[in-house]
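Read through the structures below before going on.
Shared between the two complexes below is subunit A, which has subunit B as its partner in the first and subunit C in the second.
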Partner chain A sequence: MATIYIDDKAVEATPGDSLLSVCLKNGIYVPHLCYLEELKETPASCRLCFVEVEGEPAPVTACTTMVREDLRVRTDTPEVRRLQRAALRLLLSVHRVDCGRCPANKHCDLQRIAALLGTGLKPKNLALLLREPQVVRVHPLFDYYPNRCVLCGRCVRLCRERHAMPLLTFADRGFSTTVTFYGQGNSEEIPCADCRACVKACPVAALWPRDSDAPVPGGEEEPSPNTAGSDPAEAGP
Partner chain B sequence: MPTGNPKTIDQAFKDLREEARTRWEELRQTPGPKFRLGLATCGIASGALNTKVALEETLAERGIMAQIRTVGCMGHCYAEPLLVVENPGFPPLLYHQVSPGKAKMIVRSFLEGGDPLFEHVLGAMEENDMIPWIMDFPRFSNEVRVITALCGVVDPEEISDYIALGGYAALARALESEPEDLIRAVEEAGLRGRGGAGFPTGKKWRLCAQAAGKRKVVICNADEGDPGAYMDRTLLESNPHQVLEGMAICARAVGARRGIVYVRAEYPLAVRLITTAVQQAEKLGLLGESILGGDFSFHVQVFRGSGAFVCGEETALLRSIEGKRGMPRHRPPFPVQEGLEGLPTVINNVKTLASVPPIVEKGPKWFRGVGTPRSPGTAVFSVVGDVVHPGLVEIPMGTTLRSLIFDVCGGIPRRKSFKAVQIGGPSGGCLPEDFLDTPIDFDSLVEAGAMMGSGGMVVMDEDACMVDVARYFLDFTQKESCGKCTFCRIGTRQILEILERMTRGEGREEDLGLLETLADVVRRGSLCGLGKTAPNPVLTSLRYFREEYEAHVREKRCPSGTCRALTAFYIDLDLCARGCDACVGCCPVEAIFTTLNRKKGIDQTLCVKCGECVAACPEEYNAVKKVSPPHLAPIVERPPVQET
Partner chain C sequence: MHEQSKEFELTAEEAAALDEIAGALGRFGQERGNLIPILQMVQERLSYLPPRAIELVASHLGMAPCEVYGVATFYNQFRFHPPGRYRIKVCLGTACHVKGGDIILENFERKLGIRDGETTPDREFSIERVACVGCCALAPVTVINETVHGHTAPSKVEGLLLGFQIERERKEREDKKHADGESQDH
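So, the complex of A and B:
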């Protein structure tokens, strides 16, 4: 065991564990999207879990920082918050904020992070860049909502971990990157109905069962304007 | 002791060299005229293959026995196709822009008629008292060729050329040296990686040599994807063996048995030539199992990358070889710790590896004698854009930008003035005139806000719009982002949105600050080098050319008149010649009309701002003018259509 200091609080941790994991286990919330405790490797791609580590010139990602004796960490410096807010706003600039009709409402990691950072759910002065179509119906059971997706890749990695023949992957690249399904179209032949790991792990309900009883997601059928906007964060295009 | 029987290796190599030298001498001694034609991609693009056919046909027609050797690139892109002619009784002469017609002429006038056609000669290849020597010209004399020494001299498809001129001697020596001595030589030479960041190569090798495990890998990074950069391609096409020899020495130093050349598939000629080179080296026992009969084995494969810029980033490159999506990962672990398939791996740039044989041959002291103390050796640049003599240039580190652009490359053509130089491609920066005296070395360039990059250099004259240049590079990085991390995927796109808005004349006052903020967070927050450096073109141009951004945003004016939405063409009625119709026919959208007094006017609502009318207007009138912002163009009414 090693003693490390997170925001001046002494914490016992196992060397080699990731700092993010230690923070989360000790009830110190550090914003994150791509990290999953159960998967060994972290892609470090969401760029949210920044912390300042003594001796490092700039903030580092907590998910890639390994515990070592006497590590001293601050999770809430102005520079950390600045980077986190910037990353969140970028994610919100490609996010269709429609919480009232989103099944993730109130469990959504974006909402949680925005609340912590006090940013609201608007991308501020960034252009809102949404995609078409709003819903991709390729998977026989699950719908994919590109304008919700934060591309954290939890679904892709879990699918790869669980199944010898993974069914989800990233496609395209750069700004056009999406999660896509490349299995067979027949729902009988795929393990998805029983697995659902991707749906459960998605922090923003970007993958959602098509036949669910969840509230009608903000999809193709535009509801009449007066029923929209049940959420304070409403910021449609 | 891992070293094999010294006598055998030494003797085996001497035998090879003897044979190669004999062949080379025979080539030299063949009576009759000899030709040497540059056939790298640059030459081929300028029509060198047709030149070759014309040359062969004319020689056959005339019944002249001559030797034609094909070589790679000599570095003088402005003068391709290049042909060296050795006609007995004359010094060897270098001819420029040798079209098929010119090739025929050379055969008839020079070989048959004894007239060397001086007007087509760039210079003589040897000092003589008849014709100026190429070394009398700054484009040649300022160069110091270490990496490209044999480019344009050896036939890249003929290993024996390379061996005859000293090739593979360093490897033979390395096989008899301790790995530790090789690493120390590279450390002492102070060699730094030519792939961009300038990481000390000896240190990299040492880390890999020390890494646990018996199986190690050496990878040559020839993914070269910066717009305007083609040094690595040229090297592979002109002298692939120097790169292979460097790889083998590296493998010997770190204890690797496996090597991979990662070259982009868009370089078909480089792929073919490096593949041939590997086969030839294997056949002679210079690569493969038990090299030169000793106990060291090194197997090289050629891997074709599919051309994503990001796959040049070392961790993405590894994943790409492993058959996965080319996405970078967090470092550490560094490739020297966990590289290809988890094995310790050295990844070095083409030019880094090509620098190794000369270091082993001539020693670290000699290498340190070239360049600067902190950046020893030479830098290879492809200098393109607005210079008189663009092409591939190898200069000692520490040469100033001014010397490279003005002395070596001949300065700015068409009597225009220098505006900026973009160094390091999409990861680099634009430096203005004030920085022309910056020495070219790893640290000075970073200090100035640019970076060495892998060696692309774009020179821009006064007509370049810096906002548009920044937009161009961000458009590139934005498209080449792998999409993995938030800052690069969305941040570069948002930066591009703002730059596009500015070039369209829709920039807002707050955009300048927003641009700076975004550029800063993308740089600090991104996962890999692509995102970390993508904002550099924006940050440097904002720093050095801020007034241009302000003009775009505040006055909707493009100072250099590049951004179409911010410019307009009009015809100066005082200059326009009555009755002249030169511009009318060239306008693709029929925007030009005749005024009542038979001069011309431009209908601004139709004009697409192609500038054809400027080119068409006879020089003595020079009546078509370009203005920015567009509302400065005087309005000329189209006369009502006459009823007939």
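So, the complex of A and C:
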């Protein structure tokens, strides 16, 4: 065991573990989206779990920093927060904020991170770039909502880990990148009904079991400006 | 999004090409590194990558079809819709971009009811975006099949499409007349 200091608090940790997992186990929340405890590899692609480590010239991602003896970490410096806010703002600039009708409402990672960082869910001075269509119904059981998706890749990596023949993947490139269930026609032949790992791991309910009664989100249902005040999306400065 | 659109039925020619492809796959090893050369071979024979070809390639390499699709969509060179009889290529190179090429593209998309990279269900028209066709002085440029249309304006888009329609109708009339003439001869 090694002793490390997170925000001046001494914490016992196993060398070689990721700093992020140690923080989370000790009740110190560090924003993160792409990291999943159960997957060994982390892409460090969400750029949210920055922390400052003594001796490092710039903030580093906690998910790729390994525990070593006498590590001294600060999770809430102004520079860390600045980086996290910038990353979150960019994510929100391609996110359809419609919390009232989103099944992830109240347990959404984006809401949690925005609350922690004290930013609203509607970034100012950034164009909102939404994608068409609002919902992709290709998979026999699950729907995909491109404008909720933060492209963290948890679902893609989990599916690859669990199934020799993965059922979903990233498609396209750049702004048009999506997660796709291309080629899954028959619900009898696929393990999805019993697995559901992708749906459970999604931090923003971008993958959600199809409910035939639910109305198709998006389109004309944009909340009018006078009702938007009650939306949790409006919370925060 | 590609996967949203309806699958095109293969023409007899394409079905034959697909059978040939199934045979030609044997020339490639089953390593994943062969994926892109294989996809290029398929596209050379079919001009696009229909879902059935993707399945074929996936099973040859022991990959999931969605993975093959994921790789293929990363590259601009692969198409997922058959080329139309009229291939509309809207230039979005620097000069055309500055001169409003994106507005021309949008006009074609709206008039034909398809997005860039797609093909109308009757396979008459397909829209692509290209980066510089080399005649920037004519910006914004649209290339339809081999013909370059310079100084395209939104108002010209409708004219171009109307021209094709008139041409097609005239041809149909002539074919009909020709057929009638022949049947009278007998």
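Convention: the second predicted complex is superposed on the first by the 212 of 237 C-alpha atoms of A that agree within 3 Å, B and C clash if a C-alpha of one lies under 4 Å from a C-alpha of the other, contacts with A are read in each partner's own complex, and residues count from 1 in each chain.
Just so we're on the same page, contacts are C-beta pairs under 8 Å (C-beta built on N, C-alpha and C of every residue); 3 or more make two chains touch, one makes a residue touch a chain.
Being a predicted model, the structure only gives us computed values, none of them experimental.
Once the two complexes are overlaid through subunit A, subunit B and subunit C fit side by side, free of any clash as defined at the top of the document. More residues of subunit A lie in contact with B than with the other chain of the pair subunit B and subunit C. Using the contact criterion defined above for the overlaid structures, shared-chain residue A:166 touches subunit C, although it does not reach subunit B.
Contacts of A:181 after superposition on the shared chain: subunit C is touched, whereas subunit B is not.
Once chain A of one complex is fitted onto chain A of the other, the partner contacts of A:133 are limited to subunit C, with no touch recorded for subunit B. After the chain A superposition, the centres of subunit B and subunit C are separated by 50° when viewed from the C-alpha centre of subunit A, nearest 10. Of the two partner chains placed by superposition, only subunit B is touched by A:58; subunit C is not. In the composite built from the two structures, the nearest CA pair linking subunit B and subunit C is 5 Å apart.
When both complexes are aligned on chain A by C-alpha atoms, subunit A residues 169-170, 172-173 touch subunit B in the first and subunit C in the second. Residue ranges of subunit A in contact with subunit C, taken from their complex: 132-133, 136, 138, 146, 165-173, 178, 180-184. Across the interface of their complex, subunit B is touched by residues 42-48, 50, 58-59, 61, 64, 82-83, 86-87, 90-91, 93-94, 125-127, 129, 150-151, 153, 169-170, 172-177 of subunit A. Those residues of subunit B that touch subunit A in the shared complex are 308, 325, 329-330, 478-487, 489-494, 497, 510, 514, 517-518, 521, 524-527.
Partner subunit A is touched in their complex by these residues of subunit C: 1-4, 51, 54-55, 58, 63-67, 69-70, 73-74.
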